[in-house]
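Chain lettering (A, B, C, D, E and F) follows the sequence in which the chains are written, and residue indices restart at 1 in each chain.
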Amino acid sequence: MTELIGACAREVSAHVTAVSPAMGPASIESHYDEALAVPGILTELHGADAYVIACFGDPGLDAAREVADGPVVGVAEAAMHVATLVSRSFSVVTTLGRTVQRALDLADRYGCARACRGVHACEIPVLDLDDEACDLVAEVAEAALRHDRSEAIVLGCAGMGAYTKEIARRIDAPVIDGVQAAVTLAESLVRLGVTTSRKGEYAAPPPKPYAGLLSEFALRAESPI
Amino acid sequence: MTELIGACAREVSAHVTAVSPAMGPASIESHYDEALAVPGILTELHGADAYVIACFGDPGLDAAREVADGPVVGVAEAAMHVATLVSRSFSVVTTLGRTVQRALDLADRYGCARACRGVHACEIPVLDLDDEACDLVAEVAEAALRHDRSEAIVLGCAGMGAYTKEIARRIDAPVIDGVQAAVTLAESLVRLGVTTSRKGEYAAPPPKPYAGLLSEFALRAESPI
Amino acid sequence: MTELIGACAREVSAHVTAVSPAMGPASIESHYDEALAVPGILTELHGADAYVIACFGDPGLDAAREVADGPVVGVAEAAMHVATLVSRSFSVVTTLGRTVQRALDLADRYGCARACRGVHACEIPVLDLDDEACDLVAEVAEAALRHDRSEAIVLGCAGMGAYTKEIARRIDAPVIDGVQAAVTLAESLVRLGVTTSRKGEYAAPPPKPYAGLLSEFALRAESPI
Amino acid sequence: MTELIGACAREVSAHVTAVSPAMGPASIESHYDEALAVPGILTELHGADAYVIACFGDPGLDAAREVADGPVVGVAEAAMHVATLVSRSFSVVTTLGRTVQRALDLADRYGCARACRGVHACEIPVLDLDDEACDLVAEVAEAALRHDRSEAIVLGCAGMGAYTKEIARRIDAPVIDGVQAAVTLAESLVRLGVTTSRKGEYAAPPPKPYAGLLSEFALRAESPI
Amino acid sequence: MTELIGACAREVSAHVTAVSPAMGPASIESHYDEALAVPGILTELHGADAYVIACFGDPGLDAAREVADGPVVGVAEAAMHVATLVSRSFSVVTTLGRTVQRALDLADRYGCARACRGVHACEIPVLDLDDEACDLVAEVAEAALRHDRSEAIVLGCAGMGAYTKEIARRIDAPVIDGVQAAVTLAESLVRLGVTTSRKGEYAAPPPKPYAGLLSEFALRAESPI
Amino acid sequence: MTELIGACAREVSAHVTAVSPAMGPASIESHYDEALAVPGILTELHGADAYVIACFGDPGLDAAREVADGPVVGVAEAAMHVATLVSRSFSVVTTLGRTVQRALDLADRYGCARACRGVHACEIPVLDLDDEACDLVAEVAEAALRHDRSEAIVLGCAGMGAYTKEIARRIDAPVIDGVQAAVTLAESLVRLGVTTSRKGEYAAPPPKPYAGLLSEFALRAESPI
C-alpha cells in the first residue's frame, strides 16, 4: 500500500518520499484504527519541506500541524478543495459503509457540506483494493454521479489512487485522488513560502511528562518532536 | 486530578469509579496531548455500565463508542446539552487560549453553534487549577456572561468541577460542570436501557493486525477490547 | 393517554406524577391544537422539583420555563439529545404527515438538523395509538432506518412510549421514547442542582392585566404563577 | 395601541381594519404573554381578504395560517423580508432585552440569520412607547447601525410604527415598520391571487373536542373557525 | 418574450412598462449569458419609481441596486419570499438542468435553503416556452410537489408566467410567478417609501474611466447612470 | 497594476503571462465595476493551460469556467483555501469598506464562513495601492489579527501582492496573496490533469444570437469562445 501510494504521488511530483509508521494498524477502517494510527504518524513529521497524511480520514491532522516542522496537508482536505476548483458538486466513493459519516464530517469541517452531494461505499476493505476492485469502484462512481447529480468524483481512500485515470476515462468527469491532490497543495505551500500559523490553535504544545507505553512522546521545552 | 474529578462526580452519583489511564500525557492542553491520551483511554472501557471521558475535549469519544461495552458520554457534550436545557445561550470558560477553537468545534459538532456565544480563556494550565484559581475562573465567567449576553456558564475543563457551586453563587446563573453533567446523562442512558447503536458509524471495528509499540491494541475477531 | 404516559414514565423513575390540564384539546395534531394546549399546560407548573411537557411538539416550552418554579424539559428536546448520545444519526417516526415539518423545526432548534435524517409519518391519529398500532409504527421505523441510513429511532409522539421495547427488539437499534428520556433529564437537572436561568430569555415575565376569558392568567408582581 | 397601529397601517392602504382580541394580555413582552395572546388572535381571523398579526413576535402565525380564510402575514416576517430588498444587512431595535433572543429566532426562521447583524433593546416597555420615546429609539437605531455596520433598521415592535419617518430622516437609511410592511405584503398576496397552501403543514386541523375554559375553540368537521 | 412578460405583469399592476435591453443575449441559459445580459440591464434603470429584473437568475441585481434611481427587485428573490408567506416549503420548476445549481445558489442567498426542497428541470429552452410547453411544465410541477413533499411551486423562469393559473388549477397549491411577485413587491416598496440603502454595500460606485467597447459605461462623479 | 500583478505571480511560477482586457473599468471597486469587468475577462480565456482571474471579487468565475479551454481559479477562492491549510481562522484585509460584504459572500460560497473571522477595510482605493500604502495595510492586518483572534491574513485585493512578505514579517503569521495562491493552485490542476467538469453547472453554454454592442460575444454551435 505504501509503495503504491508513493508511486501515485510521484506521478505529480519527483520529490515525494513515502513512509509508513512503525506502529499502528495495518489499515484504517474505524475511529479505533484512526485513533491508534495517530501516534505513529506523529513520529514521522521531520526532515521534509512539507507533509501529507495519506489516509482519507486525515487522522491526526491537527496534532501534526502543532508539531511538524513544515506545513501538513490531509488528503480528504486536499481532494475536496481541488474538487471545488473544477466543479460545483462532487460525490465521494469510499471503502466501507461505516466510514460514510466520517467523510461527511470532513466535508463539513472543510466547508464542503453543500458541495458534497453524497458519500457512497463500495464495501471493499482497504487492503482488498487490488486491480480487480477498480471495476467495482468505477461502477459505484458512475452510479454516484447519476444519483447525486454531481459533477466530479472524490476517491475516498488513499489506496484508490491507481484507479484515477481509468475511472475518469469511464465517467468523463474529474476524478480526484486525494494523495496526488495533497502533494500538489503541499508543494504550493512550499512555493508560497507559508507554513502553519503558530498563533492560537497550532502553537507549539506545552511540554509535559508522558506516562507508560507512550512516555517517549513527551515533548521537551527546547524542541518540537 | 483524578481523585478530585472522582469526588465531584460522586456528588451526583454514588456509583462512580474514577480511573486514570496508565499511559499518556499528564494533562491535555493541545491536539498533540489529546491524540496521545486516546490509546490510554481506550484501555479503560470495560467493567462498567456506562463510561464518561473526563476531559473537555472529549478525546477519543468516537473510538470509545465503537469498542466500549456500554454507552460513553463526553463531558463537553454533556455540559453543552445540559446548558441548553436551562438557558438559550451559554459561554464556555476554558483554561488556555489555544483550546478555544477546540471548544468551538465541539459546540458545532453537538449542535450548539448558535447557543454557544463565546469561549473565554483564563490562561491557567490544567494542573494549576487549585483553590486559588477559582477566583480568576469566576471573574472570567462573570465577564463572559456580560460580554456575550449569555445566560449560563459551561466550565471548559474537567478540573474546574470543584468551583461549580462557588461560581454559580457569584454570578447567579447556571454553571455546568461537564463531569457531573456527563455522569447524570450516563446514568440516564442506563436507566433508559439504551446503549450505542451498532448500525453504521459505531459498529464494532473490523479486526486486524497492529504493529510495533501498539501491537497489543489489535482487536480480535471474537471480542471487543 | 395520561395514564399510559404516566406508566411509561414511572418505568424510569418512581417520582413521576402524570397530570392532564383541565382545558384544551383532546390531542395535539396541529399548530392550532398546540397553541390552545399551552394555556392549560401553564396552569400545571407548580409543586414539583422539575417538569416534563409530554407532547412531542414541546408546546409552550419557552413560556413554561419563564414561569415554572423548577426546570422544564420537552420530550422532543430530550429524545433528540439522548439519541445523539448513542448514535450519529436518527430518524423520527411521527403520527400524521402534517406534523413532519414541526419535527424538522424542533430538530433545527435543538441543534439536530444534521443528525435528524428524516421524519416519517404513520398516518395514525394520536388517539388511535393502541396496541394494534404498534405493528405499523414498527414497520415505519424499520423502513425509516433503512431509507435514511440512520442509526436510531426517535418516537415522535408521547403516546408511542409503550412500543419502545418491542420496536427496539425488532430493529436492533436504539429506540428513544421522549417521555422517558425527558424524565431522566429532568432528574439529572435536579441532581445537578441547576434550574432555568433567570438571565435574559427566561427572566420572570413583567406582570400586567389580562382581559376576557384569560383574565385569570395575569401574573402579579409579587409571585410567579 | 390598536388605534395607533391602525393609523400607521392605513398610511399604506385604505382597506385596513385594526382589531384587538377580547381576551389576552395588555401587551406582549414575554413567551408567557405571547402564548396567551394566541387564543384571542385565533378568534379574529375571518371576514377579511388577508390578515396581519400586528406583534413583532408573530404570535400564533402557524396556527393562524391553518384556520384563517385568507393569507396571514407576520410583521417580523414582513419587515425582515422587506429589509433584504433594500439592503444586505439590518439591525433590529426592540423594546426589552428579554425579547432579543425571540427576534434572533425569528430572523433564523425567516432565513435572515446572516442579514440580521444585531438586535438592540431600548429597555422601554411596549405601553410606554409614546411620543417622547421616539428620541431614545432613534438613538438606539443610530448606534445599532454604527455598531453592527448594518445598512437598514427594522423596528422590533408594532408600537414603534409612528417613529418610522422621523428615524429614517435622522439616520438616512431605510427604516422598516413591520405593520406597514406586512400590510403591503398581504395586499400583494391578494393581488397575486395566492393564499396559504393546504398541502402538508397548513392543512385544516383535524376536528376534535376541547375541554374546559377553551371548549368553544373546538373546530367542527364542516367548517373552519 | 418581453411582451408576454409585460402582459403577465400588468395583470397585477397597471403601471408596468416592459423593456428589453438593446444589447445582450436572446435568452439567458448559462452563467455566460447571464454575465453578458448585465450591461444591457444596467442601461435601463432610469425613469421609473422601481425596477424589476425579469430573469429568474436575478442577473446584475447587486450592480443594479448601486446605480438605479429607485428600488430594484429580482424575480427569483420575490418568488421565493412570496412562497414562504403561503407555505413552509416549495419546489422550483426550471427550464434547463444546467440552471438547477443557480436556483439553489439563489435560494441560499435569499435565506430559503431550507424552504426550497428541490429544483426540477423541464429541459425546455427558454425560447420554446410556448402554449404547448405548459403541459410539460405542469407535469414537472406536479411530480416535484409529490417527490419533494413540498407545499408550493415557484416557476423558475420569467417566461413561464402565462402558465401560473393553469398549473395552480391542476395541482391545487400556490404557484408563484416571479415577475408578478416582483411587481407587487416593487410597488410595496414604493408605497412604504423605502429605497435601496446607500450605506455600505449599495453606496454609489466610485466614478472612474472605462476602456474600449464599454467606455460609455463610465460613471461620472456628479451623477448616477 | 497588470505588470505588478504579473511580477508577483512570476515569483511562484515562471509560466505566467499577465494580461489586462481591452474593455472595462480601470479598477474594480463596486458590483457595477465588477459586472462590467466580466465581458473583457471572457475575451481572454484562450491559449493557456489554466487561467487565474486576478481580482479579489472573482468576477465572472462561473461564466469563465463555462467557456475557458482549461481550468480557471479565482484569487479569493485560492487565498481562502490556502489560508485554511495553514490556520483554523483568518481575517481579510480589503481596500474599501463597500467591498466587505462581497468578501463575506465569497467566504460563504467557498465554505469559509466559519474560518473567516472578519473583513477589515483600509479605505484605500485600488489604484492608490503604492509602496507607501503598505504601512497602512500592515497596520490594519495587525489590528485585524488581534481583534478577530485569527491566525492568518488574506490580502483582499490583487494589488496588495507586493506587500505579502513585509506584512508577514511584521505580524509573524501567514499572509496569503490570492494571485500567488491562485497561480500555484492553477498549476496544481494542470499537474493533476483535471479541468472543469462539463457535467451540469459548467457544461458549454447553448449557442444563440447576441444583440447590439455585445453581438460579437455570441457563441457559435461548433466552438467555445
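The definition used in the following text is that a contact is a pair of C-beta atoms (placed from the backbone, for glycine too) under 8 Å apart; a residue touches a chain by one contact, two chains touch by 3 or more.
Keep in mind that what you see is a predicted model, and the values were worked out from it rather than measured.
**Q** What chains do chain A and chain F have as common neighbours?
**A** Under the touch definition, chain A and chain F have B, E as mutual neighbours.
**Q** Validating interface symmetry: for the copies chain B and chain C, is the fraction of residue numbers used by both over half? Same or different.
**A** same
**Q** Rounded to the nearest 5 degrees, what is the angle of the rotation relating the C-alpha atoms of chain C to those of chain D?
**A** 180
**Q** Let me have the rounded angstrom distance from the C-alpha centre of chain E over to the C-alpha centre of chain F, please.
**A** Taking the mean C-alpha position of each chain, the two centres sit 28 Å apart.
**Q** If you average the CA atoms of chain A and of chain E, how many Å lie between those two points?
**A** A distance of 42 Å separates the two centres.
**Q** Distance-wise, how many Å sit between the C-alpha centres of chain A and chain D, to the nearest whole number?
**A** 50
**Q** Going by the contact rule already set, what residues in chain E reach two or more other chains?
**A** In chain E, residues 88-89, 100-101, 114, 149, 200-201 touch at least two other chains, as defined above.
**Q** Hey, which residues of chain E end up touching chain C in the complex?
**A** Residue positions touching the partner: 88-89, 114, 149.
**Q** Mind pulling up the chain C residues that touch chain E in the complex?
**A** 100-101, 108
**Q** Under the stated contact criterion, what part of chain A meets chain F in this complex?
**A** 12-13, 71, 73, 77, 81-82, 84-89, 110-115, 145, 149-152, 165, 168, 172-176, 180-181, 184-185, 187-189, 191-202
**Q** Under the definition above, what is the set of chain A residues touching chain B in their complex?
**A** Touch list, chain A to chain B: 21-27, 29-36, 38-40, 42, 60, 62-63, 65-67, 96-98, 100-102, 125, 200-201, 203, 205-206, 208-215, 217-219.
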